[in-house]
Amino acid sequence: MPGQIPFFVPKRTITASEVAGIAGLLFVTKDFLISAGAALETARRGELSYMDNHKYLEALRQTNAGACLVSPRFSASVPKETYSFVTPQPYLIYSRILALLYPGAAIPGSLFETVGISPNATIHASAIIDCGVTIDPGAVIGPRAKIGERTYIGSNVVIGPDVTIGSHSSVGAGAIIAHATVGNHVIVHPGVSIGQDGFGFVPDKGGHIKILQVGGVIIEDCVEIGANTTIDRGSTRNTFIGEGTKLDNLVQVAHNVTIGRHCLIAAQVGIAGSATLGSFVAIGGQTGIAPHLTIGDGAQIAGASGVTRDVPAGERWAGFPARPSRRFFRQYKAMEMLAAGYRETNDR
Amino acid sequence: MPGQIPFFVPKRTITASEVAGIAGLLFVTKDFLISAGAALETARRGELSYMDNHKYLEALRQTNAGACLVSPRFSASVPKETYSFVTPQPYLIYSRILALLYPGAAIPGSLFETVGISPNATIHASAIIDCGVTIDPGAVIGPRAKIGERTYIGSNVVIGPDVTIGSHSSVGAGAIIAHATVGNHVIVHPGVSIGQDGFGFVPDKGGHIKILQVGGVIIEDCVEIGANTTIDRGSTRNTFIGEGTKLDNLVQVAHNVTIGRHCLIAAQVGIAGSATLGSFVAIGGQTGIAPHLTIGDGAQIAGASGVTRDVPAGERWAGFPARPSRRFFRQYKAMEMLAAGYRETNDR
Amino acid sequence: MPGQIPFFVPKRTITASEVAGIAGLLFVTKDFLISAGAALETARRGELSYMDNHKYLEALRQTNAGACLVSPRFSASVPKETYSFVTPQPYLIYSRILALLYPGAAIPGSLFETVGISPNATIHASAIIDCGVTIDPGAVIGPRAKIGERTYIGSNVVIGPDVTIGSHSSVGAGAIIAHATVGNHVIVHPGVSIGQDGFGFVPDKGGHIKILQVGGVIIEDCVEIGANTTIDRGSTRNTFIGEGTKLDNLVQVAHNVTIGRHCLIAAQVGIAGSATLGSFVAIGGQTGIAPHLTIGDGAQIAGASGVTRDVPAGERWAGFPARPSRRFFRQYKAMEMLAAGYRETNDR
C-alpha cells in the first residue's frame, strides 16, 4: 500500500482563541495554531480532536492530539500535553470547526473538477440550466428539466423529463432522478434511484396485474439522500420527503410514503408503501416499516426492528413485532431467565 | 417549493358508463365524465378514486372525489356528493381504468424522449438491434448482444457481450446486464445489476479461494425487477427467474437461485445461494432465505423473517428462525404473558 | 425463450489423470477427457461435477456427469457410470479445475471487449494510466487519478480526483470510486459506491447539523466488493478494508469502519459507523452491527442477527440482540416449550 494522499486539505488554520470562542469559553490559558481536525488515535501535535463517548477513553488517554474538545466527565483523562477545551457539546463544536477548516467538504462537488458544463454531457435543447451550474462528463439531462443556480450534477447522472432541481443542490455520480421535484440545498449521493415505478400489483391466479404508477416524488429543501437509496414515485398521490430529512445509504422508500421534516433514517431501512412518518422521527439501521402505518412526530425506532402497528408520537419502540422498547427489553430479560431455568432443569 | 407539474397526464377521459362496464355493473344512475385517477385525499370533482382498506375510512368520508370505486362494506361511508361504483374488487377495476387513462405509464420509456437510437449511445458493430428499439444517450451495448423489437434501453445502461433481451422490454437508466438472457415484456428498473460473479469462496486459513462463476442468468417473460436490485449469475448452473415474477427494489438474488413463476418478492429481501422458490411464492420485505433451501409453491413468508428450513407449499411462515405464522404469534403471545408475570414479580 | 448461449466456454480440456493429480490421488483406474464443469443436475458425459452437501444426495444419485469429485461419505451414492474422484475437499479441488478450464472467468473483464482505452471514455489530462489498462466506453477518470498496470475500468465507471487503483484490479460497470486508495488484485463489482459522505449529523431541535466528512477510504489488496455495495469515507480517520476481505452485494459499510483481513461479509449486512472488525470474521446475510462495536478475530455472526455488544474473538453469535449462538438457540427452545404449555393451558 503506498502512502495515502489526504483527500481533504484544510484551507486555513485556526487559533486556540477562535476555538474557545466557538465553544463559548471565556478565555484560553495559552494561544496556539490548529492546523487540522483528526481522530484521537491519529491526531498529532497541532491537530484538534474531540471526545464524547466512553468507548474512546483509552484512546483519549493515549492521544497525541495538540488539543481536544472534551465533555466535563472525561476532562480528567486528557493527557497533560494535550490542551483541553471543556464543553458540554464537543461533537457539535468540532463540526463547526471542521466547517471552517474544510469549506470544500460541505457539499459534494465535481469529481472531474469541471468548470461549468462538460462538453461530454448530453443536455436536451429544452432543458433549462441556471447560472453557476456544474455538470460533469456523461450526465444526461432530459427535456424541460430545470437545474437551479449553483447546483452540481455528477458524471453519468440521468435527469428525466420535467424534473426540477432547486439551487445549491448536489446530485452524485450515477444517480437517476425522474418524475420528481427536488428542492434547494439537497444532497443526492451516488447511485440513488428516484422516481421509478412503485411495486404495485393486484395478485391474481393467472399472474399479477400491474397497477400503473402515475404520481411523482417531492423532495423538499435540505434533504440528504444516501448512496444507492431508492425512492419510488407515488401511485396516484406523490411520495414526499420533508425539509431537512436525512436518509442514509441503501434505504427503500416505497410509493406514496410521506416522510415529515427533519427525520433521520439510518442505512438499509425499508419503508413500505403508503406509510406516513411525522417530523423528527429517528429510525435505526435495517428497520422495516409495514405498509399504511403512521409513525408519530418524534418517535424513535431502534435498529433491526420490524414495525407492524402505528407508533404514537414521541415513543421509543424496538423489536419484531416492534413494541415499546421497555417492553421489548423486559420480554427479552424474561426469556433469558426462562431459558436459564430451562437449562438448570435440563442439567439436573 | 414551486407548484409541481404532474408527470403523468391522462390521454383521454372516461365516462361513468364505461367505468360501470369495466366494473361489471349493469347501469349508472347518471352519466358524467371522469378526467383522471387520484387518491382519496387529493381527488377533486371529475376525478375517480378507490377505497378498499379500513385505514382510509376517514379519508373516504372526507373525500372530494367525483366518484369512487368502493367495496360493499365501505359503501355507506361514501359522501353523498361522490358517485359510488360498488364492486368487490375496487383496486383491480381502478388499475384497469388507470391503464386506459395513462397508456404511457404502462412500461417505462425514454427519459430523453429519444426517437430511435441516440447518436450518443455506444453500440458495438456486432450487436443486433431490432426494429423500433429506443436507446437513450450514454447506453453501451456490447458485442453480439441482441435487443428485441420495441425494447427500450435507458441512458448509461450497459449490456454485456452475447446478452439477449426480448421484445417490448424496458431497461432503466444505469442498469447493468451481463451474462444473461432476458425475455419479452420484462421491466428492469434503474440501477439494477444482473450477471456479476456470485459470492463463492472456499474459506481457507491463508485467505479465501475464489470459486469461478461460469453460469449465467435466465429471466423469463413479464418479469419486473426493482431499482438497485442485484442478481448474481450462477456458479455452474444458471440463476433463473420464472415468468411473471416481480422483484421489488434492493433485492439480493444470489448465484444458482431458482425462482418460479409469478412470485412477489418485496423490497430488500435476500435470497441466498442455490435456494429454490416454487411458483406464486410471496415474500415480505427484508426477509432472508438461507442457502440451499426450498420454498414450496404458494408459500407466503412474512416480512422481516429469517428462513432457515424448507417451507412446505402453501404454508404461511414468519419470524426468525421462521416457523408457521400461527406458531410464531402464539410464541410471541406466550412471551408477552411471561414478561407481564415477570414484571409483576419484580414490582412486588 | 430461445436456447441460451453459454457465456463461459472452456478454453481447454483436462484429463482424468490431471484431475487426480490436483486432488492428490495416486492414480486413476481409467483415463478420459473432461470438457467442462457442470452442476450435478445438468452435467453430461464428459463433464465434471462435485458433491459435498447432503441436500444434493438425490441429485448425485441421478446425475449423468461423466465424473464427480466427491467426499468419502457420499462416494457410495455415485452412479456406476460416473467416475468418482474421492477427496475430502471436493469443492476446493473443483475450484482449481474451473480455474484451469475457464481462465477468463477469474477476474471480470471488458463487457465491450475493448482493447486498451476506449475513445468514448473521458479521461482527465492529469490522470496517470499504466500499461495494459483497459477502459470501457463511458468511463470517467478524474484529475490526478492513477490506474495501475493491467487494471480494468468498466463502462460508466466514475473515478474521482486523486484516487489510486493498483494493478490487476477490476472495477465493474457503473461503479463510483472517490476519496479512496485501492490496492492490487481488487475486484469491485458493478454499481458499487465508494467514498461518499458518511451519515454524520448532530441532532438538533431546529434541524440536524451535518458533520463534514474529511477522511478517505483504504481498500487493501485482493479485496472483493459485491454489486451495489456502499462504502462511506471516514469522518476524520479513514474507512479501512483489510487484505483479502470479501464483501457480498448490497452491503453497507459506514464511515470510520475498520474491517480486518480475510473477512467474509454476506449480502445486505450493515456495519454501522466506527465499528471495528478483526481478521477472519464471518458475518451472515442481513446482519447488522451497531456503531462503535468491536468484533474479535475469527468471530462468526449468524445471518439476520443484530449485534449490539462487542463480540469476543472466536465466538459464534446469533439473534437480536445477538448473543452466543448456543444461548440463542436454548432460549428459542425454551420459548417454544413455553408456548406449547401455554397452548395446552388455553386448550383446556
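Should a chain be cited, it is by its letter among A, B and C, assigned in written order, with residues numbered from 1 in that chain.
To be clear about the criterion, a residue touches a chain if its C-beta (ideal position, glycine included) is under 8 Å from a C-beta of that chain, and two chains touch if they have at least 3 such contacts.
Which chain is which protein? Per UniProt: A, B, C = UDP-3-O-acylglucosamine N-acyltransferase.
If you're wondering where the values come from, they're calculated on a predicted model, not measured in any experiment.
Asker: Enter the minimum step count from chain A to chain C; a value of 1 means the two chains touch.
Answerer: The least step count works out to 1.
Asker: With over half of the numbers shared counting as same, classify the chain A/chain B interface as same or different.
Answerer: Different residues, largely: of all residue numbers at this interface, under half are found in both copies.
Asker: Between chain B and chain C, two copies of one chain sequence, what rotation angle (nearest 5 degrees) aligns their Cα atoms?
Answerer: 120
Asker: With chain centres taken as the means of their Cα atoms, state the distance from chain A to chain B in Å.
Answerer: Inter-chain centre distance comes to 26 Å.
Asker: Tell me, which residues of chain C touch at least two other chains?
Answerer: Residues 138, 156, 174, 191, 228, 250, 268, 286, 320, 335, 338 of chain C each touch two or more of the other chains.
Asker: Can you name the residues of chain B that touch chain A in the complex?
Answerer: Per the stated touch rule, the residues are 1-2, 4-8, 37-39, 41-42, 49, 53, 55, 89, 91-92, 94-95, 98-99, 102, 105-106, 108, 111-113, 118, 120, 136-138, 154-156, 172-174, 187, 189-191, 222, 224, 226-228, 243-244, 246, 248-250, 261-262, 264, 266-268, 282, 285-286, 303-304, 319-320, 332, 335-336, 338-339, 341-343.
Asker: Chain C touches which residues of chain B in the complex?
Answerer: Touch list, chain B to chain C: 122, 124, 138, 140, 142-143, 156, 158-162, 164, 174, 176, 178-179, 181, 183, 191, 193, 196-197, 199, 201-204, 207-216, 218, 220-221, 228, 230, 232-234, 236-238, 250, 252, 254, 256, 268, 270, 272, 286, 288, 290, 292, 306, 320-321, 327, 330-331, 333-335, 337-338.
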